[in-house]
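Below, subunit A partners subunit B and then partners subunit C, in two separate complexes.
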Partner chain A sequence: MTVHNIYIFDRNGSCLYYNEWNRKKQAGISKEEEFKLMYGMLFSIRSFVSKMSPLDMKDGFLSFQTSKYRLHYLETPSGLKLVLNTDLSVNSARETLQHIYSNLYVELVVKNPACSPAPSLDSELFCSRLDAFVRSLPFFSPRAA
Partner chain B sequence: MSRQSNRTTDSKKMNSELFTLTYGALVSQLCKDYENDEEVNKQLDKMGYNIGVRLIEDFLARSSVGRCQDFRETADVIAKVAFKMYLGVTPSVTNWSPAGDEFSLILENNPLADFVELPDNHNTLVYSNLLCGALRGALEMVQMAVDVKFAQDTLRGDSVTEIRMKFIKRIEENLPAGDE
Partner chain C sequence: MVIFSVYVVNKAGGLIYQYDNYVPRSEVEKTFSYPLDVVLKHHDEKVIVSFGQRDGIKVGHAILSINGVDVMGKNTADGKDILEYLKDSANYPVSIRFGRARLSSNEKLMLASMFHSLFAIGSQLSPEVGSSGIEMLETDVFKLHCFQTLTGIKFIVLADPRQSGIDALLRKIYELYSDFALKNPFYSLEMPIRCELFDQNLKSALEVAEKAGNFGAGS
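== the complex of A and B ==
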């Protein structure tokens, strides 16, 4: 069980926040390019999913998995996108992402008038709280049961 | 969506008089600073807008409201959830245009204007114009361009306070430039 990394994108596609905890393999491209690539893929998946769905959807795209990891996705109606990569044992990180949005992002970034989210988050409080929160997740540790 | 189930959505309650009086102090200071009602209206709208773009995030995090399917649903959410949550009142939604792109919010009492009497020399001041900006800013963040203005105001002798909202267009999301 583990958490690999997290991305937070704003509605315009800029990466507001990135952090990694347990990432053994790097992309081999610059972080800027990686963020663009990730956002582009999310953007395409969203439109793919909405076009291919045979029924009207409520939440749209939720997650995908490969043989090695699972990508969890949460998008708010205001267009903020949170992406969390974990290993396969984590079934749903929806509550986790929702918590990060409502209890960390809204409380510490949106409600801090001195903190403007774009172009990237520079709130130390937000970064350290988020780090502490992710580390405290039951599925964070690679060794935990 | 069960994501709200284990969270309390209670908002912190506080005395609304403090809010009303603070707003009054803000308006009277603006009137001193600008000496021109039109300019004060503009400043209130701008401040409201800045509040709205942040407030929407708080609103979305605290209510379990998802994306609205149409403007009628938007109207309901604004009147029954948002106004209730932030101002403690529930305006009624009326006067729909035939196309369904315009409606009015009728406020029985306007919490911003509880103790207010407008002097005669301020007859073009839209006292609660901050609300218009806040509504516009919040809706813009959920991809809706909307025109908001006061159509009637009890402060100016009308029988009710009416906020008129007109849907302009959906703001399309586009892929950021330079993406391949």
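== the complex of A and C ==
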């Protein structure tokens, strides 16, 4: 049970926020390139899923899993994209992402006139609250290394 | 509870087999008067709805037929551009049938190779060591399950999110592939599978899986 990392992208694909907690493997490329690769993958998945789908979708892409981790995805109608990587024991992190968006991002970033989200979030309050929130999640328990 | 379709992708990302088991028909036919109250646009050689959902017509639906005659891509049956045709008030009232556009075989090839690279990126961006590629991808209306063999062939099944027993089905399809495609002396490796026995056995495997994994209200 653990949370690996979180990405927040804006509608244009720039990474507003990134943080990691229990990440064992780095991608082997610079963070900037990793963000681009991640955004490109999400963008392709969105178009892939909308073409592949046999029926009309409401929420679209929700999550995917590999043999080692699960990626949870939430996109708001304004185009903000939240991505949370956890291990496989976490079935759905939709409410968690929803909470991060409505109670942390909207409250501490959008409602703060002094804080502009682009090009990257520089609100110390948001960063520390998000960190505290993720650490308090029931499925956040870093295995003793 | 249904299994929608099956894809087999070779290790280079080429689609070597595709079977649509169940294609839901969600089509709406409606008579319109001038001017049209849905906004249409050209997209990928089709005319699709870009704005104005009503009466079951959804954004992304394509025009399938006009006045009961099937359209040819972005042209009407007699070769006129659909958007031009619909701009002319003399052609009204007009009856238009909308629905989700069916995937062409080219689009299926494209989607298969797209998944091939998504699979690889999913494994590269893993926060854990030794991760496979995407094994399961979930949306609100379907789940995509993928099984990659040691030899790099990917078997992909699209099914209802509540359908169970897909893992067993994927291994069964692998078994059928080994038995009926690989042992066929006329089958050349990495090439599209055209083996009648494979087709037949796949269909019966899908039927068995649909019956076995039936939980909750059937759809």
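Heads up, the rule we're going with is that the second predicted complex is superposed on the first by the 141 of 145 C-alpha atoms of A that agree within 3 Å, B and C clash if a C-alpha of one lies under 4 Å from a C-alpha of the other, contacts with A are read in each partner's own complex, and residues count from 1 in each chain.
The rule is simple: a contact is a pair of C-beta atoms (placed from the backbone, for glycine too) under 8 Å apart; a residue touches a chain by one contact, two chains touch by 3 or more.
As the structure is a computational prediction, the values presented were derived from the model and not from experiment.
**Q** Should A:Glu124 be classified as contacting the first partner (subunit B), the second (subunit C), both, or neither?
**A** neither
**Q** Using the touch definition from the top, say if A:Glu20 reaches subunit B (first), subunit C (second), both or neither.
**A** The second partner, subunit C, only.
**Q** Could you look at A:Asp59 and tell me whether it touches subunit B, subunit C, both or neither (first, second, both, neither)?
**A** A:Asp59 contacts both subunit B and subunit C.
**Q** In the overlaid three-chain picture, which partner chain does A:Pro77 touch, first (subunit B) or second (subunit C), both, or neither?
**A** first
**Q** After lining up the shared chain so the two structures overlap, which partner does A:Phe48 touch, if you call subunit B first and subunit C second: first, second, both or neither?
**A** After superposing on A, A:Phe48 lies in contact with subunit C but is clear of subunit B.
**Q** Look at the residues of subunit A and decide whether subunit B or subunit C touches more of them.
**A** After superposing on chain A, more of subunit A is contacted by C.
**Q** A:Glu32 contacts which: subunit B (first), subunit C (second), both, neither?
**A** A:Glu32 sits against neither subunit B nor subunit C.
**Q** Determine where on subunit A the residues touched by subunit B overlap those touched by subunit C, and list them.
**A** 40, 58-59
**Q** Going by the contact rule set out above, which residues of subunit A touch subunit B in the complex?
**A** Listed in rising order, the residues of subunit A that touch subunit B are 11-14, 36, 39-40, 43, 58-59, 76-80, 94-95, 98, 101-103, 105-106, 110-111.
**Q** In the complex, go through subunit A and note every residue touching subunit C.
**A** It is residues 4-5, 20, 22-25, 27-28, 34, 37-38, 40-41, 44-45, 48-69, 71, 85, 87 of subunit A that touch subunit C.
**Q** Would you tell me which residues of subunit C are touching subunit A in their complex?
**A** 4-5, 22-24, 26, 58, 60-61, 100, 103, 107, 111, 114-115, 117-118, 121-142, 144, 158
**Q** Looking at the complex, which residues from subunit B come into contact with subunit A?
**A** Where subunit B meets subunit A, its residues are 1, 3, 6-7, 54, 56-58, 60-62, 65-68, 141-143, 173, 175-176, 178-180.
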